[in-house]
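Note that the chains are named A, B, C and D in the order they appear, and that numbering of residues resets to 1 at the start of each chain.
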Amino acid sequence: MSKYTLREAMAIHASRQIRNEDKVIVGTGMPLVAAIIAKNCHAKDAVMLMEAGPFDSNPLALPSCVADPRGFVGAPWVADPVQMMGMILQQGRIDLGFLGGAQVDKYGNLNSTCLGTYKNANVRLPGSGGASDIGAMAKRNLIIIAHEARRLVEKVDYLTTPGWMLHPYENGKRVKDRLVHRKELGLWGGPEAVVTTMGIMKFEEETKVMYVSEYYADLGVTLEMIKENTGFAIDTSKADQVIPPTEDELYILRNVADPENIFI
Amino acid sequence: MVSESKNSTKKTKIKTLQEAISQIPDGATILFGGWTVTRKPMAAVFEIIRQGKKDLHLVSNPGGPESDLLIGAGLVGISETNFIGHEVLGIPYCFRRAFEKGGLEKTGYLHDDWTVQTGALRILAGAMGIPFIPTKSLKGTEIIDPEHDLLADLRGKSKKLPNKKVEFIQDPFWDEGELLLIPAIKPDYCIIHVPMVGEEGTVRIHGGLFMDFYGALAAKKTIVTTEQITSEDYLKKQPDLNSIPAEFISDIVEVPYGGHPTAVQGMYDLDFEFFNRMVDSTKKEDTYVQWLQEWIKDLPDHDAYLEKLGVKKIFSLRADPGLGYNPRLKRKS
Amino acid sequence: MSKYTLREAMAIHASRQIRNEDKVIVGTGMPLVAAIIAKNCHAKDAVMLMEAGPFDSNPLALPSCVADPRGFVGAPWVADPVQMMGMILQQGRIDLGFLGGAQVDKYGNLNSTCLGTYKNANVRLPGSGGASDIGAMAKRNLIIIAHEARRLVEKVDYLTTPGWMLHPYENGKRVKDRLVHRKELGLWGGPEAVVTTMGIMKFEEETKVMYVSEYYADLGVTLEMIKENTGFAIDTSKADQVIPPTEDELYILRNVADPENIFI
Amino acid sequence: MVSESKNSTKKTKIKTLQEAISQIPDGATILFGGWTVTRKPMAAVFEIIRQGKKDLHLVSNPGGPESDLLIGAGLVGISETNFIGHEVLGIPYCFRRAFEKGGLEKTGYLHDDWTVQTGALRILAGAMGIPFIPTKSLKGTEIIDPEHDLLADLRGKSKKLPNKKVEFIQDPFWDEGELLLIPAIKPDYCIIHVPMVGEEGTVRIHGGLFMDFYGALAAKKTIVTTEQITSEDYLKKQPDLNSIPAEFISDIVEVPYGGHPTAVQGMYDLDFEFFNRMVDSTKKEDTYVQWLQEWIKDLPDHDAYLEKLGVKKIFSLRADPGLGYNPRLKRKS
């Protein structure tokens, strides 16, 4: 078997979350790589969308971003962002959203706005882009993030993208001492899995707290390592070893999805 | 039935870049077309920097290098946007610096965070002439937390800002519960860069329109910079391919490679090499000042910028006509 | 001088209300005829729009309706109705609207819904179409209607399209004993003129009541005839004779605008 | 990068007209595409009449002959629309009869009046997945007078109708005063007729799209009838010319001249002669019953309808490819 990196494993395991015939909306970076692997392996009918316009994209080269002309190749139709995000997404017609971020918390809430306080940030990030919308309105969501204790945190510094448990607003104010299930706010969907550089996390049916579902034993990852690199106490009791990447998947990743090593 | 050779009384909209930009007053609300690092009206942005417009109010959704460079040049007072960044081409250092380590207090820069959907819907509402529009997004996020609203003190005072950031409403019609109303964006100017414009202003864009159509309608005036001006008769042969009618274009400026260093689908690809050097320069204030001097301020106009860029570079970026981008370009340095 | 009919006069005098460079939205029938005359005579730069989509239409044959493929010829761009009526019109970017109807009242309110009562009509008409929207949101409006006492009435049986003076709504109910200027409801624009088969009516600056501005003396129309054929007491004291149609206008009407005699 | 020859697991959407229409239950809410007498899905409408669907709820905005004929056939329970008519081709007699002389009480037909703008915005709101949208239209008209609301008794009871017709609201953002909220339209089915569809459902329409794109998105299911089915590969060569993506099309039916007697831009013109006879027949109930028998009910399907129409007639309607209509057609009888 070929050797492969944690980052390669993350891309391939993320790609496996895509089902055939999913309409999947992908962002710049790893989501695009994962979607292209999926379309070339097990999910040939998956329809790849990007917030800037490409609809059913079938690129010949990895797009640098969601507005890259590379992403428009092979698309039978081009949306504008009002159509893509204000109609197709908001109507609940997108099956799967792919999200990244600087932090994810135990409820799958994401931060792509700032580290530290908002008004005087330690690190200011580019902002939501479409993440918050996709997190709110895709039928399922998948989060891709490097597995580090500073990234998988108890509570995000700023809640950009809604996960499972949220502070509601009352009279226009955020009620900080109450957490409610996203359904109570009228949100459907929710994060289904978090694919990291160490494994695949899922969320408890009842509490919606993140747990380890599978881990990359094939790459020497242990449950202890996951605990050490997670910023909150994470349940590892239900963890299975992943089915390792196949030769096919690795071939596609390296030769088709990202041969220029742009994201991998 | 209507005679083709009209004895038109129309004035030409064709201007130089200097003329078109000089009409913009300090403090203007501007929506730049394109999307992050694609089809941004960079020649117009550089001319704005050259003319030193101050206290600009940016409403591009999303913002890309144009926002980061203008913020870094100290020309931006307010930005209402869902994103400011260069995608995979690096960190928006100027924007980052504005927020970090007391940056906001020092510079007075005010930032208002949104999302792609709500940013787009706010522009749509502007194009529709309605003051607000509902959304199902934003619920449960901190984007709508009034504690983070940097514009709070100005609301109700400045006529260029909505009185509130959002309003909660119960659906009175279909029992869908609570959702949010978000305010229209009403730009003074929309500036877009496109491959092709007719001599009266009919715009043709290949591939992604992004928010350009809505932006052109939402704004009081729309300046279009274009790779080429062509005849209206040519564009009329395929009206289904045209993107914005001439009536919503105020000024036309021909600036070949006016999107450089961003990509223009079907015309030229992103100049990764140039872009990376530009972003590198923004890592520190002094290196950015140098870059601005060398590439913008020391050059009288876009023609000089192109001459400095050189013919070889320009030709090397040309898009494959079948693909719309340049497949031979080295993207990673 | 050639002879011409009252209907021909109506079309030509209506066409004269169009200014060069007006963006004018026209409906099926006489408005289309008048707009084509104008574009071929004094208002060559006028931009002709139709609610179904044609934008800057330059047809080679008179369109049968606003969605007729004839209306798309020579148009550099095609709108959809959301863009045309929900954006361009609602944003106040259309200079002139052309309206017809079964009844117009002394305040320029129009009825194209029903004669008699709504629920048990004597005559049910097709309904507003775009008339109500155009009447509300074009910068200026022009009404074309045959001059008959049953059409120019004291009060329309049903108010489809707002003119100058309107009953406001309070708590969701129409206040029938109060009339307010359209500006009080936040409406801009308003009907500028009513072109009939007898003359051109305008509205008093203060009261917004219709009066006779010009009449077709060249066709034997007298002010007495206008009074007889108007369903309310109409002021004729300020009436001038119209400048008769020119040979050019008649030629264009008969040979260019409607050579098939579809509407004339 | 993605292999062209997919081992697709997709089921074909291609059906016969009978199959596609037979799935529609009595009481369904239907949005027909096209605009009054242009590009109406008439073959589908005739099949609906053949199959005798009852208590239909029409939300076409505007309605044309399809609405008048269905009302006349006694198949419509509710219509929410801004217009029902044949434009210059005559009076919608069936609709007129339904209202006049106690017609509403006799038939139980319920009509809800709107405008082109608000009808379009209601469909837009449906396509956007939001329950309502603001409008600046309708103020001061009787269209919003609750005294005329024939649906008042059903509101709050039927889940297929909004709880209210309109809602007044004060603009909280830009001091624009009072405006109206209007409810989304949520059709069960959208049925459109188009010149061309790919075998998976990508739709290409020439010229006016009317409300077809928004309708296809607003509806739970969209049935497209088409002059011809073509390959997706052909349509992909010019994505900028495509109108609706395949994902929002549920069923594809190939029915040449499926818009007859209305016009399909670029394909064939309106059949003025046939249309006039059809409208004439609707002047009285008994003559319309005869017409329905002769042209719809006595014929098993659309093929038989075309045979009865005859080759000569069909060819006589063909559009000039440069103009999109037939300039030689005699329009006035």
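Note that a residue touches a chain if its C-beta (ideal position, glycine included) is under 8 Å from a C-beta of that chain, and two chains touch if they have at least 3 such contacts.
Just so it is clear, the structure is predicted and the values come from calculations on it, not from any experiment.
**Student:** Comparing A-B against A-D, which pair counts more contacting C-beta pairs?
**Tutor:** When the contacts at A-D and A-B are counted, A-B has more.
**Student:** Where the CA atoms of chain A average out and where those of chain D average out, how many Å apart are those spots?
**Tutor:** 40
**Student:** Hey, how far is the Cα centre of chain C from the one of chain D, in Å?
**Tutor:** Each chain reduced to its C-alpha mean, chain C and chain D end up 28 Å apart.
**Student:** At least two partner chains per residue is the criterion; list those residues in chain A.
**Tutor:** 60-61, 72, 78, 86, 90
**Student:** Among the residues of chain B, pick out those that touch two or more other chains and give their numbers.
**Tutor:** Answer for chain B, listing residues that touch two or more other chains: 129-130, 135-136, 176, 179, 207, 239-240.
**Student:** What topology does the chain contact graph adopt: line, ring, star, complete, or other?
**Tutor:** Contact pattern: none of line, ring, star or complete.
**Student:** How do the chains pair up in terms of touching? List each pair.
**Tutor:** Here the touching pairs of chains are A-B, A-D, B-C, B-D, C-D.
**Student:** Could you list, by residue number, the parts of chain B that touch chain D in their complex?
**Tutor:** 129-136, 162-164, 167, 171-176, 179, 181, 183-184, 186, 206-207, 239-241
**Student:** Spell out the residues on chain A that touch chain B in their complex, using ranges where they run on.
**Tutor:** Spelled out, the residues of chain A in touch with chain B are 28-29, 51-54, 60-61, 64-70, 72-73, 78, 80-82, 85-86, 89-90, 113-114, 118-124, 126-133, 136-137, 158-162, 166-169, 172-174, 182, 185-187, 260-263.
**Student:** Quick one: in the complex, what on chain A touches chain D?
**Tutor:** Touch list, chain A to chain D: 20-21, 23, 36, 39-40, 44-45, 47, 55-56, 58-62, 72, 74-79, 86-88, 90-93, 256-257.
**Student:** Touching residues of chain B toward chain A in the complex: what are they?
**Tutor:** 34-39, 62, 81-85, 87-89, 92, 95-96, 98-102, 104, 113-118, 120-121, 123-124, 135-148, 150, 168, 176-179, 207-211, 213-214, 263, 265-266, 269-270, 319, 323-325, 327, 331-332
**Student:** Can you list the chain D residues touching chain A in their complex?
**Tutor:** 1-4, 6-10, 127-130, 198, 202, 217, 232, 235-236, 239-240, 242-248
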